[in-house]
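Two complexes follow with subunit A in common, the first pairing it with subunit B and the second with subunit C.
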Partner chain A sequence: MIEFRDVTFVHQTGKTALRDVSLKVEKAEMLAVVGENGAGKTTLVKHVNGLLKPTKGTVLVDGEDTRLKSTAELSRKVGIAFQNPDHQLFSESVEAETTFALKNFGFSRELIDQRLNWALQFFGLDEYRNSSPLALSGGEKKRLTLACILAWDPEVVILDEPTVGQDAIQKEKLSGIIKMLRSTGKTTIIVSHDVEFIWPLQPRLVVMSQGRIVADGPAHTLMGDEKLLEGARVMQPQLVKLYQRLRRRPDSPFASVNDARMWITGPVGVG
Partner chain B sequence: MYWVAGGFIFRRVDSPFHSLDPRVKLLISAELFVVSLTAYSVTQLAVVMGVMLCIAAVAKILKRVGRTLVFSAGFSVFIFVINLFARQSLLTSAIYSVRFLAIIISTSLFFITTSPDELEQVMKSAHLPRDVVFAFTTAVRFIPVLMLDAIQIVDAQKSRGLEVEKGNLIKRVRKMVPVLIPLVVNSVIRSGELAEAMESRAYGAVPRPTSLNRYSSSKRDKLVAAGSLILFIITVYIYVRFPTPL
Partner chain C sequence: MGEIVRVENLSFRYPEAAKFAVRDFELTIKGGEIVMLAGPSGCGKSTLLRTVNGLIPHMYTGEYLGSVSVGDHKVSEARMSELAQTVGLLFQNPENQIFMFSVERDIAFGLENLAVPPDEIRARVDEAMRQLGITDLAQRAPHELSDGQKQRVALAGVIVMRPRLIILDEPTSLLDPKTAVELVELVRRLRDETGITFLIVEHRLELLVRIADRLVVMSEGKKVLDGRPEEILADERAEAYGISIPPVSRLRNQLKRDGLPLENGFGPDELAEELNRQALKR
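And now, the complex of A and B:
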């Protein structure tokens, strides 16, 4: 579905953001990209819909070279929800905002109505249909940006830092949406620092550092590698830390629940 | 877009021109502005442009001035065409459009080589009201931030199928609406947040806040300022004494 072949990307400022990146993402796969700030995560995903073209190497989407396609053509297959919803909302109503891309892609009126109704109901935004998107709360704006993307039913959905500014309930909802995307066969790529959010999804994990992919494998394997994550400045999820501490504990059961609680929360427990 | 924006943004460079007292840089820029504005022959404009490009070379900003010129070229062509429509001669129209470019370079020389901090000091030394100084320097500081915002907004809209580079001029202008609205809204929100943050840090609590920077002109600054003034007076004298009709 998506293939990076020895991709290097150099910004106009001369800064190299990606170095010899090779990566293959199959259809219906869920991928999470983690790494420190400036590791090249967003630069990597911007290559998938052709916003950025590789300086060296090739990016293929469904076997087609992204250099030969416009962003608009590639966006029909690849939907990216960017980190900051305020960078895309501009219409006078939630309805107009949601249909913006559908009109750009030349959907029929009937299909636009159908997709609009589905998206607004699915994301619980139906009651705001005629409200200004700029008047929504942070969480609602984020949901609206997702509704705008999923409305045109792209094959690949990329979420750039989806949990930024979201409370626990919104994160829970978002997690449910991502699981739904997986069950409907969408290829999903999540770019995030939020390891606690990524861990329960159990995706394939790509760890990036200084423009390179330093590890690629199942989350349950890579999240256990403390040294690897430390090198890429990524925190281990709390549950993984707890599991590893329990494994290191001498082979004797806790004397009481209180004993276990003290061990977990005390100075030798999970920090 | 970022390439063009880079032509307007200050970057610290180790050059003899950058290290001048900002007031001297302002003086040189103002002199060049006046000389550009009053130039009325091809020879005069060629000399003024030559001098400014030499200064840009000394300041190691020749490429960035080039970017400014690329950005301004559209406006320059517009001025040329408008003058032709107004039944001016080809030469006069050309002089007006080149004069516009000269004026742009003369101001760019100051803004590209002067940091917002230095700009603030210059304005304070001119005894301008503090609020005016703060508003102006903050606007200058926010130019790169707004440019980055604009790039991100364009990316977000392109990802929703907006083809900003396609269509005729009117269509392209209409396509800028999805870019301009978020940019303006973000700027307004950001300015409100900045105002609150500034007030929370006691902005305006005293009429005369402590100033840590005090500029003192070196011998070199004084020499450059005097030299530029002499050259400016000579140029104005030549303009007045030997007028060249268009």
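And now, the complex of A and C:
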């Protein structure tokens, strides 16, 4: 579905943001990208919808070289909700913002209405339908960028720091959306510092540091590697830390609070 | 130290808003405390912060009942320039706060505007850079710095004004976890060294609970919980108010309800230790 072949990207400033990155993401996979500030995570995902084109190497989406495609064409397939919603919102009303891409993609009026209503209700934005996106709170703006993207139903959904400014209730909802995306066969890429949010999703984890992919594998394996994470300035999720410090423990770390509770209070636990 | 912030029976409603954003709010903060403010989106946290730094009622008007005092000033009566020297604010994104050509010029900016004598500016900027561990960055251009460094420069620009209270609005949300932990440690050190009071809004509780003296939870404009962080995290109501309880605290609460004899504590290390002790007893 998505393939990076030896991709290097050098900014106009001369700064190298990606170095020899190779990565293959299959359809319906869920990927989480972690790493220090400036590791190249956002640069990586901007290559998937062609906002950035590699300086060296190739990025393929559905077998097609992104260099030969416009960002508009790629966007039909790949939706990105960026870290800073202010860079993404520009319409005069929440409704106009949500329907902008749908109109551009030539959806029917009926379908547009249907998607609009679903998206605004789902993200709790219905009451702001006629408000300016700029009048929303930071957390609401983030939800609006997500609503806009999910409304056009792209095959690949990329979320860059989706939990920033979101409270527990919204995070829970977001986690539900991501699980729903996975179950409906979407390819999902989450860029996030929020390891506590990522961990229960048990994604494939890509660890980046200084423009390189330094590790790529299941979260339940990589999150156990304290040294690797330390090098990329990533913290271990609390449940993994707890697991590693227990003298008596199961074979693999607890994926959720409930898993931990069941084991600890169960027959071989401690309680 | 005495009180630095006193919020008394405060209610505030924005013009044309149906509901009060902050209602019947009471809060006292002692000098040198680190107080963390949490609550779901739209609970009134930002409004409360604005009433403390004076943006309300000086810039945002509305229906204002009750009173807020900071240091020796009654916020509604003080001039913004007086308040600005008492209360410092660090934004979520340091990009909104730093703009000069070099780090030291950026830090000096606020003092230059107050026409502080050059010798004193020099001394205070040097001290602020030392306190934040950024002396070696003095001549660098802010845009060349990493996000963690930018955050420190922005904080130095606040500290140099020698405020009595610093408000941090989600200071770690754009930082990688390790950089976030370093910032949190830095806040504790600054408080210990300077006695500055900190009021911090943050969603990532697991980072801040260790350094906070108090955790205040807001819901629908009201203060609903106020106490030591370990007590609040163990309080069943906290989760119902929509704040993110860290997983290990949630687990600890659950295990206590299951009848395991556990204390109130914070992280994975403490819980593992307690569980290991209990396993030995079996």
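FYI, the second predicted complex is superposed on the first by the 246 of 271 C-alpha atoms of A that agree within 3 Å, B and C clash if a C-alpha of one lies under 4 Å from a C-alpha of the other, contacts with A are read in each partner's own complex, and residues count from 1 in each chain.
Here, a residue touches a chain if its C-beta (ideal position, glycine included) is under 8 Å from a C-beta of that chain, and two chains touch if they have at least 3 such contacts.
Bear in mind the structure is a predicted one, so any value in this text is a computation, not a measurement.
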Subunit A as common anchor, with subunit B and subunit C clashing or fitting: clash
Subunit B versus subunit C as contact partner of A:79, first or second or both or neither: first
Contacts of A:159 with subunit B and subunit C, given as first, second, both or neither: neither
Subunit B versus subunit C as contact partner of A:235, first or second or both or neither: second
Touched partner set for A:140, first subunit B, second subunit C, both or neither: second
Touching partner for A:89 - first (subunit B), second (subunit C), both, neither: first
Touched partner set for A:260, first subunit B, second subunit C, both or neither: second
First, second, both or neither for A:12, with subunit B first and subunit C second: first
Per-residue contact with subunit A, leading partner among subunit C and subunit B: C
Partner chain(s) touched by A:174 [first = subunit B, second = subunit C, both, neither]: neither
Residues on subunit A lying within both footprints (that of subunit B and that of subunit C): 84
Residues of subunit A touching subunit B in the complex: 12-13, 46, 49, 51, 70-72, 75-76, 78-80, 82, 84, 86-90, 100-101, 104-105, 134, 148-149, 152
Subunit C partner contacts - residues on subunit A that touch it in the complex: 35-39, 83-84, 137-140, 161, 163-171, 193-196, 199, 230, 233-235, 237-239, 241-242, 245-248, 257, 260-261, 264-265, 270-271
List of subunit C residues in touch with subunit A within their complex: 39-42, 46, 92-93, 146-148, 170, 173-181, 203-204, 206, 239, 242-248, 250-251, 254-255, 258-260, 267-269, 271-273, 275-276, 278-279, 282
Subunit A contact footprint on subunit B (complex, rising order): 2-3, 149, 152-153, 155-163, 177-178, 181-182, 185-186, 189
